[in-house]
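The structure that follows is given in the form of structure tokens.
Chains here go by letter, A, B, C, D, E and F, matching the order in which they are written, and residues are numbered from 1 within each.
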């Protein structure tokens, strides 16, 4: 499946914290940067996400803000 | 200013394409990955964004989806 | 690719209107309901979307509001 | 009230799972498709949502991504 | 129609700028604060928005970030 | 840090409710209007948010819908 989201960044699951409905998943990108994602706990199970697994962070371009110093 | 968005990634403006209301800004991260952002043309002017400038991509954790192969 | 977004709805491209940066794509679902999507013009080209093509509307659960009469 | 969101889909509440702050609500559309929504538990109470109730799923067009095989 | 979005702020349309697909609408809140919204040009027409008209800015709680100095 | 988000509204933290992953923060704006935000519990801690503290609600223009009666 090919998706319209302009940002698809490959990384590895570094850490997962489960809440009651949502889970927080930290993804480590090459170079050491981290991306944090909140998805439903159901989705973590559907994707069978586990620490160390390869994963893509997918972000729609309109969800990306920019900031400068 | 410190922001609640969990993802603040430092990079450089690589390319800007202006539309009538929105602009598309491509940010190059260290290591060569790119992040594409759609913000208003007004914001590009307010931040005085230009190619080569340092910039932060700011993404709320709930806007990040995950995908696996 | 399997995505964490909880909503993946299969339909057909019914209409595409191009702007300078963004495009509006109307997807017809089985049963006649329509879903309208705004994605970048680049994404329309990358996905090679055309009227009549099969397509999936992908929506993160946190982006869905509910309303009642 | 008439809303700018381009996508307003009528359905029925099929299932509600409560977390501590957020709740997950599954809406069944005519034809059997389902839409999952994450809203605050407070909103579920304010709208008095219950299984079987009629409800509208409301989605802004910029929140809809597209994908193709 | 009652909506799950936790933020429904009443104001007046102050300014509308049309793009080819999207429009930028500035809403003035009581007390002089302004909220800027990007919606499709179609939605501006459907809601028949014009300068001076009463309007509600509707924002899902997960779309609100917080920042401190 | 200057951000591209068009909406940066100054207020005071009125109430914080913690979930397991997310927290709900209510911000009171001048004039008495309230904005509700859902951010991660980690962010509440990073920003050291407490009732009575000054805070900015930051909202991207594409996340603002409009509604009329």
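Everything that follows uses one rule, which is that a contact is a pair of C-beta atoms (placed from the backbone, for glycine too) under 8 Å apart; a residue touches a chain by one contact, two chains touch by 3 or more.
For clarity, every value in this text was computed on a predicted model and none was experimentally measured.
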Review point. Which chains lie in contact with each of chain B and chain C?
Key: A, E
Practice item. State, to the nearest whole Å, the distance from the C-alpha centre of chain C to the C-alpha centre of chain D. Key: 17
Point to revise | Distance between the centres, which are taken as Cα means, of chain C and chain A, whole angstrom | key: 21
Check your understanding: Any idea how many Å lie between the Cα centroids of chain C and chain E?
Key -> 23
Point to revise | Contacts with 2+ other chains: residues of chain C | key: 1-6, 19-20, 22, 24, 36-40, 42-43, 47, 56, 58, 60-63, 65-69
Check your understanding: Classify the inter-chain contact topology: is it line, ring, star, complete, or other?
Key -> other
Study note, to complete from the structure: Chain-chain contacts, ordered by label, are A-B, A-C, A-D, A-F, B-C, B-E, B-F, C-D, C-E, D-E, D-F, E-F
Practice item. Give every residue of chain F touching chain E within the complex, in rising order. Key: 3, 5-9, 24-25, 27, 29-31, 33, 35-39, 43, 47-49, 53-69
Point to revise | Touching residues on chain A, where the partner in the complex is chain F | key: 17-20, 22-24, 36, 38, 62-63, 65-69
Check your understanding: Where on chain A does chain D make contact in their complex?
Key -> 1-5, 19-22, 40, 42, 60, 62
Exercise for review: Over in the complex, which chain D residues touch chain E? Could you list them?
Suggested key: 1-6, 37-40, 42-44, 46-47, 56, 58, 60-62
